[in-house]
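Chains here go by letter, A, B, C and D, matching the order in which they are written, and residues are numbered from 1 within each.
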Amino acid sequence: MANTEFGYVRSFEQWDALPPSNWIVVRIDGRGFTKLCKKYDFAKPNDTRAIALMNSAAEQVVRSFVDVVLAYGQSDEYSFIFAENTALFDRRNSKLATSVATLFTAEYCLQWKDFFPGTELERPFPTFDGRCVCYPKQAILRDYLSWRQADCHINNLYNTVFWTLVLKGGRTTTEAEHELKGSLAADKNEILFKQFGINYNNEDEIWRKGTVIYRAYDDHQQQDGTTSKKADPTSKNQLEKEKKRKQKAKIMVEHTDIIKDTFWNERPYILASKR
Amino acid sequence: MANTEFGYVRSFEQWDALPPSNWIVVRIDGRGFTKLCKKYDFAKPNDTRAIALMNSAAEQVVRSFVDVVLAYGQSDEYSFIFAENTALFDRRNSKLATSVATLFTAEYCLQWKDFFPGTELERPFPTFDGRCVCYPKQAILRDYLSWRQADCHINNLYNTVFWTLVLKGGRTTTEAEHELKGSLAADKNEILFKQFGINYNNEDEIWRKGTVIYRAYDDHQQQDGTTSKKADPTSKNQLEKEKKRKQKAKIMVEHTDIIKDTFWNERPYILASKR
Amino acid sequence: MANTEFGYVRSFEQWDALPPSNWIVVRIDGRGFTKLCKKYDFAKPNDTRAIALMNSAAEQVVRSFVDVVLAYGQSDEYSFIFAENTALFDRRNSKLATSVATLFTAEYCLQWKDFFPGTELERPFPTFDGRCVCYPKQAILRDYLSWRQADCHINNLYNTVFWTLVLKGGRTTTEAEHELKGSLAADKNEILFKQFGINYNNEDEIWRKGTVIYRAYDDHQQQDGTTSKKADPTSKNQLEKEKKRKQKAKIMVEHTDIIKDTFWNERPYILASKR
Amino acid sequence: MANTEFGYVRSFEQWDALPPSNWIVVRIDGRGFTKLCKKYDFAKPNDTRAIALMNSAAEQVVRSFVDVVLAYGQSDEYSFIFAENTALFDRRNSKLATSVATLFTAEYCLQWKDFFPGTELERPFPTFDGRCVCYPKQAILRDYLSWRQADCHINNLYNTVFWTLVLKGGRTTTEAEHELKGSLAADKNEILFKQFGINYNNEDEIWRKGTVIYRAYDDHQQQDGTTSKKADPTSKNQLEKEKKRKQKAKIMVEHTDIIKDTFWNERPYILASKR
């Protein structure tokens, strides 16, 4: 058969399974979003419709991939955390990265009209690149999430002051940039407060903290999880039960601190280890 | 600064650049398209609107990534061939796979309404997984493309007979399946011809050959390419010129044989090696 | 300069650093040792000189690479465990595997004359292949070591019965093989005891347990370790101190159980996590 | 069985096969050879015994791995080129690198006494690290080899002038270093000629060109190779024949230019492509 002669080309595909017992983070980033923001005239420093669209797309991704235990997003990026021992796509790097990134893109593009009614998308259409990163320990995964939330804080404080200087303070963008060069967080807070009467801590949490989406289980559901541990966790029946349990979980969307321990102590099931 | 403490988590990202001097194939595949075909009632064995949408999305991908020298598609899959020495995204595996797959997905989803007017997309939305494969030699890359086109032929012949037996021959799908078990290409051709008066070779080439999309250069443009070789190919000016040359290339969409030499002999520039 | 023209070939080297925060196991295996055993007439089922040579070579490897926290060996294999956060060779896979495997080989070849006096080594000389494997959790690393020690037990029990049947029981090797087919551990123990009056548990621990080599620290040294944690662990001074501490550690060679918790509970410093 | 419970740890091993249709270079480098040179008082700028030992060890490696088509060495490094489509060890990176590096090390250590009679090796024993690099095209592989030979030339010219200035010219090493800073090849040649009457081109080729080792086939043997192409190259019988052909090849050791085309044009079989 014609195909047999050419089939050897498959041997060039590299097997790219990620190592077991690691949380897999798939982080997606908007491609060329600086231009996109300008084109569709996103509000500065933050656009409510744009962030709502990001969060709505992310929620659908979480809903669709039941092995995502938590997602964290800010600006034009989102990180989806897959369970430490997920067997999705045999943990293959490319399958995970492209499946998550294309679903996010599909949701973003098709929900656009709900968040920007009357504004038709034009080429280049919004797209997102993605990558997988493995984190071997709970503490390090939390540091990863802290890194993203700290980044959100730093960027948002800067953007808030910068655009306040421009929009309310009458500076040119160059002047504002110059004024903020080398300034510390305390300096920025002071500018906001002294010059504009703005207390940064009163700004909306969605901008200061970003967005956390996670599967929440009530006590009864968790108990199910515990029960199922005693049973053979790899039996087909058990896997099916486990999948249903995840599908029934409530998807929570919150704007809250995930750097401190409180969030995690109250929801120990999110990063709980299961074989 | 808060971020310094957590920044070490970046060290967990693996550098995934693909080796130089290899053609990079990004192949994307529809996820769950068997269900999607049923849901939107795609015609059997082939749906004209669906394939036109695939091809239109692919054309935009080729147009957008100027380093794609050729793309080949059939059914719900497409292979995009990047130039042997493309420097796009520093040849990083994840960036290439996700950027191509998300652009294809965005185009597919947003063009849907043009090809399926009146049929709104519903969840789960169409998405595509993707992967990069490196091919070190021109002859092997051609074998890769031959493999896909031979696959197109084999599947389409089977599907054509199968659905003819069902739709015109009154068989149940089980009967048709049983009837074709173990049959050779010659057998299938005979069933079509003797029982239904169909000459498979008269079937539309879009189904028998799939679709080839490539950047075409006329003599003048090629000469430009040749000229620019003499100049320093890495100078900024030269790179800019080269990019413009690619952008000016005509995008051809054809349904033709790419297994035999003819296609390639007539378009030597497609797989020509450049540093 | 001539070299500039060719220097681009370096870009084909792939960066192969192993992920941080994983114990790195370098396991080496004798190449073609079945033939080597016959050639040099190793005693059956176990040869005292051969295992003493393996252990002596391994001890030198442990001594030489101060980041090895423990090594485990049996038969013609040895596993060297590098500290969870070792920075040796920037954690590069190839450097680690080849440096350990070549040092082990050099020691084996050059110490041969001490263990096999009067028997000159002939080609093919003894060599060892090697590979790195990453283990992200302490519990999994312990399972790895349990896997190797369980393997030692299974093989040694089999070999002990097999060669007792042949050497003391007058069976041919084929008869012995046939007799043991499908037998359980209990069956093998019974054959040894009933037919030959041998209590397997009285066999030497070096054969039943294999060999564990590790860096041992007394209380004072551990305290140093603890103290140094408070200081900046990346300062040059501190790194130098830490290296000296490791060099001063006593190298222990034991034949003991490492599957149960006792060994580890008594030596918590072996797998202790340090940044 | 005890082992079943722990066997899952194997899933942490990563599959590391190198891509097909690429020449695989295994380059080994002496570890800590600067110290070793001093310890054993190697002659400056070049030590005849040391290079003879390197070459003798390399020859045995070439002899042992019949898929090595050519090896090139200089100073304390050697590159072994495996045939473009070698199936040795399923092309696994770690197996190739460690098997070559440990064989080289064993040969170096055990042949030492033949080249340095009366000088016993002491710890740290000589060892070599190693790595695999893939080259997809003949021309690029040749550039790799040219890179190494150009490096040999550059270093040897420098070392020759440097040590002539010190040993015959009475300079301190610091003075010689200072004198050569920024000098071009022409300058160095002139120093040698004008100050010491030495024509660099008359220096021994072993130092100026390094050492090339390759399997040579006479016409009859090549014809065998050609003939066997027509037969099924994967049949066991044919593979056996091919292996014998390689074993019968003559191993040539030469000090000659491999940058220009002459060497290669006269021995087209060395880099000839075979499936």
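Quick note on the criterion: a residue touches a chain if its C-beta (ideal position, glycine included) is under 8 Å from a C-beta of that chain, and two chains touch if they have at least 3 such contacts.
What you see is a predicted model, and the numbers here were worked out from it, not measured in a lab.
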| item | value |
| --- | --- |
| Joint neighbours of chain C and chain A, given as chain labels | B, D |
| Any chain in contact with chain C as well as chain D | A, B |
| Relative to chain C, chain with the most remote C-alpha centre | B |
| Superposition of chain B upon chain D: rotation angle, C-alpha, nearest 5 degrees | 180 |
| Copies chain C and chain B - interface residue numbers shared by over half, same or different | same |
| Distance from chain D to chain B - Cα centre to Cα centre, in angstrom | 43 |
| Between chain A and chain D, centroid-to-centroid distance (C-alpha), Å | 50 |
| Whole-Å gap between the CA centroids of chain A and chain B | 30 |
| Touching two or more other chains - residues of chain A | 8, 12, 14, 19, 21, 134, 140 |
| In the complex, chain A residues that touch chain C | 19, 21-22, 134, 136-137, 140 |
| Of chain A, residues touching chain B in the complex | 1-3, 5-10, 12-14, 16, 28, 31, 60, 64, 93-95, 97-99, 101-107, 109-110, 121, 123-135, 140, 143-144, 146-147, 150-151, 153-154 |
| Chain C contact footprint on chain B (complex, rising order) | 8, 11-12, 14-15, 19-21 |
